[in-house]
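Shared between the two complexes below is chain A, which has chain B as its partner in the first and chain C in the second.
This part shows the complex of A and B:
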């Protein structure tokens, strides 16, 4: 029996995560504990949420370059309004989600490149974040803080949260009708249109859902860091894209994998720790992280090639 | 306007559609009755696709009305059409390759939602596949991306005939057999007859005139956006139909016969297979059932002879794609850019493209192969399918490459255009070009000097000259399969 394409796609991120984990445990055996794992992975939770958000946008063949500034904006709102006046804070976040839906509609109706529109919006979100929180500060809502430092039995919070997120996103995007619709729009928009579905609603839904995950990412981040800053999550734009690709997703064609994306986000986080344990100077760490990314992606290309060779035989 | 056909499943009355200056439909009226299979024929650009778009609701006519079951439907759109049981299988494949067959079926049927839909949809599509193509061997849980073109076409057809609680009443099949081999095409046409016998209606569009003559209960001929002839079954014979379409009677062109063998310009040895070679000035055919390795061999040959890293001054091979949407045209470019993209090196000086030379070459080829457009700067998608294919031919033939590889290039091209292209291929071959030609159509194989028959990814027979006949090709294609 041949291994299915989807399994193979998932194999690369899983194997790279396990290899990195083995490397970390070898260098630092004390990481192999409840606290150790939590420390290794807790920053991965918001990144994983942002990666799922990015993946939803990529599912409809778009790309969101405002992910980092949007998560920063949410973090600033969470550390100020959501803490001080929860109702107003929630209203702001809902409005932000609505803005994302509108953005998706405009991109489709006016046939605009999503990269340009989201790049433009990134300045809007960054500006709003600075207006809300001109200097680093604010306080995380107690419930967000409590959730992020909670200690579930057996497994640390970071692992439990990632697993729950992966399963939830998988059910939502790979199993539900709505998920099929979104991926169908990415795969062949014309045929979805010909079946009589409203494409505008599907795209608005994909964007709104993405924004919802991004809002969750921002709140989790504030829960971890206890305070916010307008530039807190700028790296998330590229990290989320890299996470999706690392997890077996593709830029076009609606080919995505929620479980892969979560694992991709975990791998990216772990790569940073691994390099620290290797005592590589911070000057070189970003370069080395890039190198790890290239190696993993090369591995995937290699597997793709083997797979098509298998077809030839 | 009074109703002329109260019991029609669908009736289009006096529909007019204009695209700019072009009248794509010019006052067409067509009533489709239950229990009837309408064969719709006509040249590329005659308006067949446009009337289909009007019927399935994706295009609203600038003038005219649509009735169904004695009621006027206004407004009419995709949703209304589907709720009336109108289903359509399009000429270019339109599934989502990233989704599974079950998920594609879910997209096709909006009413199948709710908890546990996967199991329901799986049952519906599997039943329909079994009914239309018994013994199809397709796993409905698998991804569409892993299927061959023929299998995708089968799935799409089965989806159109599937009953999701909203039974299909009118199924439009636009060139449904173009990627199916003879056995599958026969299965499909048999199902069409069964469907019609139980009161369904079918509109069958095909360039295979014998399919139309054998299956349709009424034949409608379109030309220049009008219906020019309409007769019951038996009212037409093959020649009469071709004549009604307004093209010269298709003559069986005398096949060129091999001249003294010269040095091979192309050689390839496949595993577990007879060797392949092609000589200068030869037309070599690749035959056999669809998807038995012909396309793969063409691609392998192209890869071997084209540079991977650095463009060559003199190209060795050029390629005419069969699957236009997949690997033929650049959707967003103009007709001219699509045509000249393969020979930009010849049209530029010191690395800069010479506008005048490019325009001139475009005008030359437009005249030579009659691309029907007012302006070569128009987007490629403004052309009908057959004309897009002509542009791809022009792209390949306007290069200086001595070898042309063709991957079933006549898919969905009308009879007249085919004859023109056959003539061009013969002339070019006389002038010393080599053609390697994969086709699913037997007639085209008989135009070749030599034919290789493929089975299961290997060459199993080589036919030369008079040995190239339908029987011999079929025998070689099926040999051993029965054992």
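This part shows the complex of A and C:
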């Protein structure tokens, strides 16, 4: 039986996640429970949402360096306006999504480097977040809090949410005509344009959808932490990029995998827990995380080699 | 005049000059010398890392070195620990800084080449490991730099800060390397089209290796100087230089897509980035507004600069 390329692409993230999980269970058998799993993957939900957002931007060959500050901004809005005056909060978040769409259009129309524009925007979001919440604080909306601490039967919330997100994003991006259009823009923009598709709308859509996922990430994060801070999610920028790549996505060519991205985000989260179970000296915690990233990518290279050998046979 | 306006770097200088004028207009000429000297000093550090980053960005899409801040920190801590405040060990310290840069550069390229990891992710993983090494060496240390070196980095000759003179010297070398040597042509060719460069018989791997090496070494030297300038190494001393090194390159007129680089623009952009912050400080604005203004100004500059290019085409 021939294994399709897409399946093989997904195999590496899945295998690395399972290996890490096996490692964690071996070191700490008590993690193998409802509560244990929930604790392990709790923080993965917002990271997975941010990773899907970054993936949408990368699908059109751009890169979003403002993801971390944007999620922090959303978290600040969610912990203040969305809690106190839900209507105003929702309006602010909708305006932020619209700003993302406008940003996507401007980047395309003026042929600007997305890296610089999003870099500039990262200062804007950070500034707005500081204005809204000069000191850490605020309160999470009750419904977000309730959703994040809910206990569905059989599987912990974190796993259910990740699975639902993976399936939903897969259907939205890999199975819909809008998703095909976005990936086509990333693959060969000119040919999509010649085929008569509206590139501006596709790019605006991709950016708006990305912002929507990022907004969800911010709200989930506040639901978990109960309060917010202007710097709460700064590391999400790099985490989300690493998650997409770990999940088998690429920087160019519209080659992305939503399921892989979610698994990539889970792997990154789990790597942190794995290291703390290993009792590595805190000095080397970050370094070991880098090493895990490298090992997973080496694994991917190995499988890619197998894949190309299979083609030759 | 027309030829001057057509240069891609002129806009960053115009922007820097107008911000400078806007600042001294408010201070009514007071502390003009102090402001200019501070601008030159801080710009010099951005120029040093910016030049390295520029060479890397020239290599084409996806080529960005994210390990710059970690390399700076590691070089700063290791050299200060080695010199231990003794004036006799200054040159050896510089040698060690260069060695740190060489090792990080070699490891970076080893990951990119051997594991075929995208450079952004390879340097990101590497930066985690390097940062851990810095944390490990830094452990509660607070060593003062050798007095002679501390004086040298903070003083001026002929009214110009010594650091700025060093950066100027390195910029001239970089300009010669870029425009008057085969190496410069080669990396531009690689940035324009890697397959074409390979077909033309350019030693693509060698060139890319040297480029990553150069970037890491410049970052290490910058870390060495910065640690002496600020009277000691700190674990977060490199943080702001991650985005700064990318921003000054792109605002300075180097093509983000690679293949077209530009040394003078880095100076204009570095001065501009420092002066914007000090202008907003002078106006006495709060942190939030200052961040928003910085972002808006970055986006405005990139909009103006790209508008010119589109018109010229």
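Everything below uses one rule, namely that the second predicted complex is superposed on the first by the 312 of 313 C-alpha atoms of A that agree within 3 Å, B and C clash if a C-alpha of one lies under 4 Å from a C-alpha of the other, contacts with A are read in each partner's own complex, and residues count from 1 in each chain.
The rule is short, and it goes like this: a residue touches a chain if its C-beta (ideal position, glycine included) is under 8 Å from a C-beta of that chain, and two chains touch if they have at least 3 such contacts.
It should be emphasised that the depicted structure is a prediction, and the values quoted were computed from it without experimental measurement.
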Touched partner set for A:154, first chain B, second chain C, both or neither: neither
Partner chain(s) touched by A:187 [first = chain B, second = chain C, both, neither]: first
Touching partner for A:283 - first (chain B), second (chain C), both, neither: second
If touched residues of chain A are counted for chain B and for chain C, the larger one: C
First, second, both or neither for A:127, with chain B first and chain C second: second
First, second, both or neither for A:135, with chain B first and chain C second: neither
Contacts of A:95 with chain B and chain C, given as first, second, both or neither: neither
Contacts of A:253 with chain B and chain C, given as first, second, both or neither: first
On chain A, positions contacted by chain B and by chain C: none
Complex contacts: residues of chain C adjacent to chain A: 61-62, 64, 66, 111, 115-118, 120-122, 124-133, 135-136, 139, 243, 246-247, 250-251, 256-257, 286-299, 302-303, 306-307, 310
Complex contact set, residues of chain A against chain B: 4-6, 175, 177, 180-181, 183-184, 186-188, 190-197, 253-255, 312
Residue numbers on chain A that touch chain C, as the complex places them: 65, 106, 110-113, 115-117, 119-131, 134, 238, 241-242, 245, 250-252, 281, 283-291, 293-294, 297-298, 301
For the chain B and chain A complex, residues of the former touching the latter: 56, 58, 78-79, 82, 88, 90, 94-99, 103-104, 106-110, 113, 117-118, 142-143, 145-146, 296, 457
